[in-house]
Amino acid sequence: MILLLALLILVPAAAAMLRRNLVHSALLLVLSWAGLAAFYLWSGAEFVAFAQVLVYVGAVSMVVLFAVLLTRQNPDRAAPPDAAARLRAGAAVLTAAAVGAVIGHAILATPLPAAAGAPPVLTVRQLGLELMGRHAGSLLVIGALLTVALLGAVVLAAAEPGEKPGGKP
Amino acid sequence: MSPLHLCLLLSTGLFCIGLAGALSRSNAILVLLGIELMLNAANLNFIAFWRYGPAPSAGAGVVFVIFTIAVAAAEAAVGLALVIALHRHRRNLRLPEATRLKG
Amino acid sequence: MLGSGIIKGLAVTAKNLAGSFHDPARYVTQEFPEVQPQLPENSRNFPFLVADDGADPMGTLRCVACQICEKECPPQCIYIEKSKDKKPDAAGKLQLYPAVFAIDTSVCMSCQICVEVCPFDAIKMDQVFAIATTDRFNGLLLNREQLAKSNQYYHSIHPTEATEVDARLAAERKAAEEKARAAAAAKAAAPKPAAPPPPQPPA
Amino acid sequence: MPPAPIFATLDPDRAFLERAPLLVRDFVTGLFPPSLQWLAGNLLAVVVIVLFFASLFALLTLAERKILGRIQNRPGPNRTGPAGLLQPLADAVKTLVKEDIVPRAADQVLHFLAPVVLVSLALMAFAVLPYGRHLVPVELDAAVLYFFAAGAATELAVFMAGWASRNKYSLLAAMRALAQLISYELPLLLSVVPVVMLAGTLSTTGIVAAQAGWTYGVIPHWHVLTPWGAAGFLLFFVSALAESNRSPFDLPEAESELIAGHLTEYSGFKYALFFMAEYFGMTALCGMGVTLFLGGWQAPCAFLEFIPSYAWFFAKLLLLLGVFMWIRGTLPRLRIDQLTRFAWKFLVPLALINLGTAAFWQLSAGWSGPALQLARWLVALALVAGPFTLLGRRLSAGVAPRTYRYAA
Amino acid sequence: MLASGSAAAPFSSASVRPVHDEFHGDLLEVSMGPHHPSTHGVFRMMVTLDGETIVRLKPVFGYLHRNHEKLGENTTYLGSMPYTDRLDYLCSMTNNWAYALAVEKLAGLVPPERAEYIRIILAELTRLINHSGLIGFLMQDTGCSGTPLMYAFREREKVLDLFEALSGSRMMCNYQRFGGCRVDLTPAWVDSARRLVDAFPRFLDEFEALLTGNEIFMARTQGVGRLSPELAVNAGLTGPVLRATGVGHDLRKVDAYGLYPRFDFRVPIGAHGDTYDRYMIRVLEMRESVQILQQALRDLPAGPIMDPKAKLRGLRPKAGEAYGRIEGAKGEIGFFLISDGSPNPYRYRIRPPSFINLTVLEDLCLGHTVADAVIILGSIDIVLGEVDR
């Protein structure tokens, strides 16, 4: 089961990073995120799974696609990857592989508890109590962060005064 | 190899894909997406440890994931707003050319 | 308050939704093949040729092939060939008749000008509108035989107009007969053939 | 506590009609070996949902055309079968035998995937609606969240369709669809939050249970009959119109502007799938609206409880769908900038304020006595009406009927 | 708030950047039409978009060109009459009248009083069906799924029934003749016309309840497609489009042709020149038309309907020229004729109101969105039969 999920998560993610077409990348990532949600569901974290779908598939992907469309560029005229870019890509893959090897080795070297039984049950009510009780402070901070992020995004993306669509900037 | 090992390896794989993407691509949006993937890998770890960890009934892992998702959403919003602002100023999204802070 | 205009609009459509079930002024649809439209008397579609006798349409066409309609027809959809011989018309006078009379209904625009200019009341407007055909060249090119309809048919679609036309024709015939009788009675030295009836203003 | 109902009824829980669907289910699953019974039960639920809502879709297309026709003083489809009842069948045959045209420049995979994804996502939302007292296909703890998660991805499919067609109209439609989803997802969710807050649960059955009971046996305890509930219901309804791309928010499909928007390059069965998904989405959102605000399967009066609960659910559902059609027959379409402005400057603030109203309602639940009750209602109504008037005035500033002069 | 949308000052098309621009990103070129649901026929707009904002718009027409003016020079004076039906096929009665007026001026014919009354009745009925139909089409463009259009057509059918009973045809009436009219009105016709006219204000009230106060409709149309009176006059616009800008120019008052001076009616004028004004002016004009119709049907005199000097065939006016114009539903519809004494006109020229009103389309649309362009086009009221001729 987990191998199947791994396939569902990793393959689209890797494909997304390889595609030249941004819309394809975004849609493949959506698939990967949906796979993650499936993983959460399988792990028994129902609430997180739905939140993942709602936030990533429903919202983040939309924003990404919107940004892609707003910054639409003709794919025919995009510069083909030059030598420097290829070099950078190679270096990046090497770095990632190195990091992966180190972490993977560390994981495999660590003795971990064997499989637990059935997935744990965490009702929404419990989760809510947890959030509002022990983590209330963090919740407030997150709320503040979201508000600030929203305001910041609006300020950043808002057209500068005097700029008219279609006119010369 | 326990399921937890598998989960962690899966998360490592996801993290590396995100890392490679973020480092290799020059398009700002793709870099952002790579970072999102890395965040997701972290989330996966939280859930895996919560699931197979010693005290699953304590919801700390899940709570953390919820927080991370919120942070990731905020990050995506701000990041993409930056992308749009970048596009507005420079009309392209190639990060290597976006070296000056002042437009 | 925001929304009042929308609510008013919704009320109007609701009224029409209900009204379409009971109010004939709102629900005006006639379902065509089942309900045939009641055409007004003046309604016109494509021209036809009036024949006085329905039993022998080709022999009793009023048309004398004068070709005025052919000349006046704006899209020029009428084609007439005069006959070589002459036949007596309703008044007993010898007249030419159309050897060929064809109307291309794919060109005709139903303007009724041919009817208005015809001095013999020989061409009138039909009310048949279901003339679809699978052959758009020959099927829409109507010849003399297809165009000829009896005077009774003319009465059945344009009763008022047909009655007027009949009265006028009868009067003309009477006048012609009287004239002929007078001419015969006078027995002038040089008998002349009777002149054709003068052009009449259209109905 | 509400007084006991005036009309004593037999226990609705045990009524035969009420239990009939369960008996059928038990009979069918009984045909399978015990180890497979849970699978058979779930499969049966899926099959029944798909079949039922597919036929409801067929019925709805006909009903919509009939109702629109009557609103416009036309008979609507009436040639196929008695009173046009076979029209959906004819439509189905037509779309099935039609040539499926895919533009050469289109993104073949996405062009194919878009309708499939759309329909399957739209169908998924039906899983958590409580159709009756005993009829909940999937009992989920976080059912409301699941519902909106399933619904959130539908606009993604619309985007896929628009983008993959490689048609400029489709592309514009895709942009519009994205903008619309981003704008209306928020008020839709925010209008649901008060319900979740007051019911104290994300489970749909729990929310329906929270609306049980009657005052004097005739006034149901539905959320829509409270000030915050009424406001929330209206907000939900408007956002649902926008979420399901229905008039006056049918911008992605705007026929007079973008030909058919994202559907321009679709034909045949794929087009039918889009159509189906639109109706599925609409039905699911209406079903959610019924569940959240209109008391779900609860009967409006105690003495009407003898009618099975699922009949009540579908009666309410059809009523809401009828209002959708009525609105479609009446209102012109908004423009995209007005659409987003309406969402962000009107619906979202109102939904946030409504959250406060609901909180007040919850906090003042203990107020007793007629004077305090009256005060409670007045304050809540003021909290609803005041912002509505103020925001409405701001929103419609500069837009007013005019008076005209006559030339001398 | 809603109205302030994109009512930016129009850009002049000269400053628009090229479509493919490496630095500023791409514009989108969309060819709206000739097969587009809302171009009112075979009309095409080459639109250049930035997002959804129009930065350039080029109207393309002529798809329905049928050599109308040359046909008119090659057929008799009478033979052109049925062709005028097909110019603006919603308003054949007024087209007939304008052409008849031109020929009457040329040939020195004077229609009798009853004929003038009949002409006014038919012209005002035409105005009713044109305006209500136009509003229906406009609402269709706004996205109303056809409801107002169907209501307008429901009433239009009743008027067309009258036209058919009188002239024999619903749309291609071919009714006016030089020096009068073809068929006389019967008392039954007058009765049913009176019933229709008396019922019309009720329909208008309902129509207005559906549309005039609708917030969405107001938001969509107010401030959209604003036209200045100067531009309107300079571009030679006429009809409701001109009057919506505040210029009270109505040929019924200015030329006082026919017997219009006898009638009591007002000319509504707008103040903003936007799409909403163009809509409202038409509604108010319909109300005035009802006034005229009620007076005309009340005062309809008895008498002949043809000038006794008139003859149907063989009209050969003296050499000379004449221009006959009337206030059609869409604006000034005029026919200019030069006679050289032959049975056919030497020159036959039409002044089509739709065509001339269409010339300002780009100025109206720049800076607005695609959705606005569609309703602006709808509010100008064009009929391609007349534009392309």
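Note that the chains take the letters A, B, C, D and E in the order they are written out, and that residue 1 is the start of every chain.
By definition in this document, a contact is a pair of C-beta atoms (placed from the backbone, for glycine too) under 8 Å apart; a residue touches a chain by one contact, two chains touch by 3 or more.
As the structure is a computational prediction, the values presented were derived from the model and not from experiment.
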{"item": "Contact clusters after notional removal of chain B", "value": "one piece"}
{"item": "Common touching chains of chain E and chain C", "value": "D"}
{"item": "Most extensive contact between chains (C-beta pair count)", "value": "A-B"}
{"item": "Furthest chain, CA centroid comparison against chain C", "value": "B"}
{"item": "Closest chain to global C-alpha mean, per-chain Cα centroids", "value": "D"}
{"item": "Chain centre separation (chain B, chain E; CA means) in Å", "value": "61"}
{"item": "Between chain A and chain D, centroid-to-centroid distance (C-alpha), Å", "value": "30"}
{"item": "Centroid spacing, where centroids are CA-atom means, of chain B and chain C in whole angstrom", "value": "83"}
{"item": "Touching two or more other chains - residue numbers and ranges from chain A", "value": "47, 51, 59, 63, 66, 71, 73, 169"}
{"item": "Multi-partner residues of chain C (each touching 2 or more other chains)", "value": "2-3, 6, 9, 12-13, 16, 26, 28"}
{"item": "Overlap residues in chain E, where contacts from two or more other chains coincide", "value": "22, 24-25, 51, 147, 151, 154, 210, 212-218"}
{"item": "Chain C residues within the chain E interface of the complex", "value": "2-6, 8-9, 11-13, 15-16, 25-26, 28, 39-44, 68, 72-74, 109-113, 116-117, 125, 201-202"}
{"item": "Residues of chain E defined as touching chain C within the complex", "value": "75-76, 78-83, 85-86, 147, 151, 154, 157-158, 161, 164-169, 172, 174, 182-183, 199, 206, 209-218, 312-313"}
{"item": "Complex contacts: residues of chain D adjacent to chain E", "value": "68, 71-74, 168-169, 171-172, 175, 247-248, 250, 254-259, 328-338, 341-342, 345, 394-402, 404-408"}
{"item": "In the complex, chain B residues that touch chain A", "value": "1-10, 12-27, 29-30, 32-34, 36-37, 40, 43-44, 47-48, 50-54, 56-60, 62-63, 65-67, 69-78, 80-85, 87-88, 92-93"}
{"item": "Footprint of chain D on chain A - complex, ascending", "value": "23, 27, 30, 34, 37, 46-47, 50-51, 53-54, 57-59, 61-63, 65-66, 69, 123-125"}
